[in-house]
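The structure under discussion appears below in the form of structure tokens.
Letters are used for the chains, namely A, B, C, D, E, F, G, H, I and J, taken in the order the chains are written, and counting of residues starts over at 1 for each.
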Amino acid sequence: MIDKHTAGLVIDEARQDRGLTWNRLAEIIERPPVWTVSALLGMHPVPQAIADVVRDELGLDEDIAKALTRQPVRIGPTDISADPTIYRFHELIAVYGAALKALIHEEFGDGIMSAINCSVAVDRGTHPDGDRVRVTIDGKFLPYAWNASEG
Amino acid sequence: MIDKHTAGLVIDEARQDRGLTWNRLAEIIERPPVWTVSALLGMHPVPQAIADVVRDELGLDEDIAKALTRQPVRIGPTDISADPTIYRFHELIAVYGAALKALIHEEFGDGIMSAINCSVAVDRGTHPDGDRVRVTIDGKFLPYAWNASEG
Amino acid sequence: MIDKHTAGLVIDEARQDRGLTWNRLAEIIERPPVWTVSALLGMHPVPQAIADVVRDELGLDEDIAKALTRQPVRIGPTDISADPTIYRFHELIAVYGAALKALIHEEFGDGIMSAINCSVAVDRGTHPDGDRVRVTIDGKFLPYAWNASEG
Amino acid sequence: MIDKHTAGLVIDEARQDRGLTWNRLAEIIERPPVWTVSALLGMHPVPQAIADVVRDELGLDEDIAKALTRQPVRIGPTDISADPTIYRFHELIAVYGAALKALIHEEFGDGIMSAINCSVAVDRGTHPDGDRVRVTIDGKFLPYAWNASEG
Amino acid sequence: MIDKHTAGLVIDEARQDRGLTWNRLAEIIERPPVWTVSALLGMHPVPQAIADVVRDELGLDEDIAKALTRQPVRIGPTDISADPTIYRFHELIAVYGAALKALIHEEFGDGIMSAINCSVAVDRGTHPDGDRVRVTIDGKFLPYAWNASEG
Amino acid sequence: MIDKHTAGLVIDEARQDRGLTWNRLAEIIERPPVWTVSALLGMHPVPQAIADVVRDELGLDEDIAKALTRQPVRIGPTDISADPTIYRFHELIAVYGAALKALIHEEFGDGIMSAINCSVAVDRGTHPDGDRVRVTIDGKFLPYAWNASEG
Amino acid sequence: MIDKHTAGLVIDEARQDRGLTWNRLAEIIERPPVWTVSALLGMHPVPQAIADVVRDELGLDEDIAKALTRQPVRIGPTDISADPTIYRFHELIAVYGAALKALIHEEFGDGIMSAINCSVAVDRGTHPDGDRVRVTIDGKFLPYAWNASEG
Amino acid sequence: MIDKHTAGLVIDEARQDRGLTWNRLAEIIERPPVWTVSALLGMHPVPQAIADVVRDELGLDEDIAKALTRQPVRIGPTDISADPTIYRFHELIAVYGAALKALIHEEFGDGIMSAINCSVAVDRGTHPDGDRVRVTIDGKFLPYAWNASEG
Amino acid sequence: MIDKHTAGLVIDEARQDRGLTWNRLAEIIERPPVWTVSALLGMHPVPQAIADVVRDELGLDEDIAKALTRQPVRIGPTDISADPTIYRFHELIAVYGAALKALIHEEFGDGIMSAINCSVAVDRGTHPDGDRVRVTIDGKFLPYAWNASEG
Amino acid sequence: MIDKHTAGLVIDEARQDRGLTWNRLAEIIERPPVWTVSALLGMHPVPQAIADVVRDELGLDEDIAKALTRQPVRIGPTDISADPTIYRFHELIAVYGAALKALIHEEFGDGIMSAINCSVAVDRGTHPDGDRVRVTIDGKFLPYAWNASEG
């Protein structure tokens, strides 16, 4: 039984061997790039039909495809939050988190931005001082609501 | 001597007493909302001219305005990363961080998105299933570069 | 300016001085007991009308009522997760969390139980071996959904 | 010698290969679903008779059945408390723990809800805004009692 | 409002000023010594009648007695687990915990020794090599039981 | 070379296969039960003569017996302090540690109970409300003494 | 009531104001220097007679002397283990701890060096490359002994 | 390629098989005992000539000798600071560290005892109450000095 | 698939077997020494041409060269920050970090020294009291700038 | 008694009120800038003569000057290592620490760069892409040496 993380390493290796970018792979399976990378690295269950396409496209064994379809535990095999590229995002939340909270509260009322009903995109922005990374996080607003099941 | 965090609490209280939203305060000082909240809560040094406007607008003592202009230590007085509204952002980075890293690398090469030359915006998106919080993080791409001073 | 936690201590003291149970206080403000205790101890913003009732009922100063209405940072002033009564709940999640996750996934698909659109209730159950504490957690199922704002 | 956690992974794999849900497996062994999943994943000792049924139903080796019957160390092989589905429960205890403690105290006196003499159930609730996950935790009340053995 | 920990410090000071040992104080209130010290230092709620005796015996203010009767959060104001006298007990559990678990399981079956229905005593033992501290922990055995409320 | 922890797992397995309880094994080697379990699981060096008896009784390889005789590092291979059965003891020390310290000081003066010159025993106590686990910790009192070698 | 740590700060200040070295103070109270500094900074209870001498010598208030005589919690008010002078000792134990353990075992058998029946001294050593700090730790060997009280 | 820690385990095993004490091994290689144990367990690079002697004396493979000569990372493969024998030394530093710092400062001025130009020795002391472990730490005093390279 | 860390160990071994210093290897690939060591140990992606030179020079397998070219996760396989040689640098930042921050702010305004557009060099300095290690960190100043992409 | 950290805050405030830069203050006391800031913020003892100059220059009370001369505990009042400006230095050590260690070893042999006999300087470097922060750390090389005091 191959775990989803190991499957992700195999997929990444096969992808590079075939000279496929993540963006191209996302086009092939017709999914957004951030979702595609996360899902193939083990952070989302992949529908069977997409797993089959990935398997065929990259020439993977069946057990890799099977691992893709399993429900993930959404924690990484190692804590990579100190990697400089990833740390900058955590630093941003540390510096601007209180401001985001205040403005979400002011605009929407008491609640949160969902991290479940949510999409993330990365694209390139331009600026005279040099190109920019633009990350858009787009999550449903969830108001604190004291609901209970009926009946 | 009033520290920047205490100054931020006083400012927030005065702002609410006068019925001013953060967005309105941002308009008055002609700065973006996320910058405005962060800076007034103590995460950025505030230029003297803006500190004076804030002081007059909110009827603050001079030492509050003076605190605003000082250089910050950009760590909060308490760790609020477990507050549900803020935690969701850290969870997103935990779940999607490896994907963001892979796509930044694919698009820009080896490097990071700057958290220093960077702006953050929050706005409201619409969707049939309910309104959405849209956070845009827009930072300069910084390639790993082994430069040294000249001469 | 009185912070929400200090306000909660004052309210709890005043409540005991008047011989009011939390359940009775919940009836007076017509809110569920768990919400009532949490909100009055500082974990939720309390609507102005309810804050006024609490203020009058307990003979509180206006600044206590004002603190009740403010937006909370939902972290406690100290970490009380090691208190035996509270620790047992964390232990239960440690022991049964993987099972809860598997069964939620099996019944609802990939997603989570919301901790925001959620209610909690405590009541007394009976059993020949002794009475029982019955805690019901009732939260909306949120499927992982890769949605984005329109337009 | 196969440890209980590895045995749990083998069982889960065999279960999925045979198309058996956890709920169906619970019916077969005539045990509640949460207990069934926890016990088969390694958190409880399984009586020999039930271990035999599981072994036959899933076509397992004898050493897997033997592992099931051993006394567990009730800690997971990795800390999965940051998985989003499981984290929400810990967040709920963080937000509502003080309220649960206050209400248990008010209703029952000084003591705790047992996490040992305790059952947990998950079911589906309905609501116009969407279906809900309903988790019921039902534990014996244990009053603080300063007893000692006789004689 | 005086918190239970501060009340405990005041009581300990008053006790020493009057030359009362903890054991003598335990005799006066007719409770076991370990319970007495723990309760007066803030780890247990003290019944009103006993709190009155303590107040009169030590000449305390009414608010100290009131603090004694409140429900405790059973965590200390500082972590004293590294104090050498206390650390030795934690080290013992670290060294012998697995053995205690194995023997409890062998003698009683799957379960725990209750830390709630439990008493602790300290007395002096004799030995040619020097006197000994004898700590007896006496807690009810609680078998893991999957019970639920009736009806 | 087999480490002491692995040797302990092998011994426990062989013991169960032969239907030997820990208590019976303790009788065979004529040592107290808690010492026996701890030593065979790797927490004490076992004298050669006893290691030989254990080897013969359980049909173990010579390298297992050799591992038993080695000097231990007295830390476990994993931290099992969160296992519910073991955690209760740590919780007891957290709740009653300050009281134990005060009473040891009052009875013996400034010092500690030795965790080295110390024995631990578990036995069954009876009580109308159910049987009880009785753990006795019996350690030499060590007064703080500022001694130095002579000469 | 003055805590022992605050008392230590007052004593250190008074000592410096009078131009007394720690070594001179140790001579006056006829105790070893390391014991003297530790005890006056709050890590040991000071006998009444010595506390009186210190009080008179330094012109302290009675409550300072009283604090000296109380039983200490032997943990500092802040963790100073990262201070460079103190850290070097912890680093030495990290680097040489396994060797110390092996040699103690080889020379004395299974056991520890007592940190309770123990003295510590600092003196100056000479060497052509520069003077040296010589710290001697002299503690009683305590063999692991499974003793119990008699009778 | 064998890492230095594994090499250390092999050396220790071979040493015991040949009935060589650490002290005898130290005599053979004409180095101090603490240095010898530390170096052979992986904490120091061993000169080629000594590594050859050790290899021949213990009948080791060449790659073990090669591992001995490599530069170490001076951190252990697992944290053994909680082992009782080693912990006592850390506790001593925790209890007496502030005193050591004060006395070093008083005797030598602002600076530290070097943990690099430093030797450690263990020997047996005698005392009527039982033999003692005497650890001598002898490190060069390094004054804080704000020097810079010339030219 | 060989990970970059394992590749680094193989490279270091091969380098030593061939008697090549890191400095010589840096000359061969015409890169600065610190960059060379970091990159070959796995902290930077190595351009294909340089990876080919390293492969040929050290007689490595192709998969080692391939590992060199992959994008790194810039976290080590183990935390070596407590190694004495490395710890001293962290201690320096702990002691002088606030001063560096104040002086960068005074000289350049609000911002940071980039750790991405940055080079590090080590060389030998001379001094009558002994040779010195001189580490130069040379990073671009990045002012806090609230820029956003255009258009 | 004013602690050194509070004294540092007062000095920084007075310095700003007088419009003195740190560099100017360093010139006045004729010390290097990094030393000056560190020492005045509490990380070094300041010689009496310099403390007097600072007191006079900034119009400070005598107890501030007295605090400057005291021996420091070299740990900050709060952990500021996560401040972005300071964190970058720690990140650099995390990324390049293993390389620094390897090159120091190659150039100097087994040992460390002293953090005690060490100076730090910050200056401005130029580069076509923007000015640079240049930090020079210049510490004495200390070889591991197993020396002991004579006689």
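Quick note on the criterion: contacts are C-beta pairs under 8 Å (C-beta built on N, C-alpha and C of every residue); 3 or more make two chains touch, one makes a residue touch a chain.
The UniProt protein names, listed by chain, are A, B, C, D, E, F, G, H, I, J = Cyanate hydratase.
Computed from a predicted structure; not experimentally measured.
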Message: Starting at chain C (Cyanate hydratase), how many touching-chain steps does it take at least to reach chain H (Cyanate hydratase)?
response: 2
Message: Going only through chains that touch each other, how many steps at minimum separate chain F (Cyanate hydratase) from chain J (Cyanate hydratase)?
response: 2
- prompt: What pair in G-H, D-E or F-H shares over half of its contact pairs, by residue number, with I-J?
  reply: G-H
Field: From chain C (Cyanate hydratase), the most remote chain by mean C-alpha position
entry: H
Message: If I average the CA coordinates per chain, which chain comes out farthest from chain D (Cyanate hydratase)?
response: J
Centroid distance [mean C-alpha coordinates] between chain I (Cyanate hydratase) and chain G (Cyanate hydratase), Å: 42
Chain D (Cyanate hydratase)-chain G (Cyanate hydratase) separation of Cα centroids, rounded to whole Å: 49
Task: Starting from the mean Cα coordinates of chain A (Cyanate hydratase) and chain D (Cyanate hydratase), work out the distance between those two points in Å.
output: 30
Numbers and ranges of chain A (Cyanate hydratase) residues touching at least 2 other chains: 73-75, 80, 82-85, 91, 94-95, 101-102, 105, 111-112, 114-118, 125, 127, 129, 132, 134, 138, 140, 147-149
Query: What is the complete set of touching chain pairs?
result: A-B, A-C, A-D, A-I, A-J, B-C, B-D, B-I, B-J, C-D, C-E, C-F, D-E, D-F, E-F, E-G, E-H, F-G, F-H, G-H, G-I, G-J, H-I, H-J, I-J
Message: Under the definition above, what is the set of chain B (Cyanate hydratase) residues touching chain D (Cyanate hydratase) in their complex?
response: 82, 84, 87, 91, 94-95
Interfacial residue positions of chain E (Cyanate hydratase) with respect to chain C (Cyanate hydratase) in the complex: 1, 70, 73-75, 115-116, 147-151
Task: Going by the contact rule at the top, pick out the chain I (Cyanate hydratase) residues touching chain J (Cyanate hydratase) in the complex.
output: 21-23, 33-34, 37-38, 41, 43, 74-76, 80-81, 83-86, 88-108, 111-115, 117-118, 120, 122, 124-125, 127, 129-141
- prompt: Given the complex with chain C (Cyanate hydratase), which residues does chain A (Cyanate hydratase) contribute to the contact?
  reply: 31-32, 35, 44-45, 71, 73, 101-102, 105, 110-112, 114, 116-119, 121, 138, 140, 142-149
Message: Using the touch definition from the top, list the residues of chain C (Cyanate hydratase) that touch chain E (Cyanate hydratase) in their complex.
response: 9-10, 13, 16, 78-80, 82-85, 125-129, 132, 134
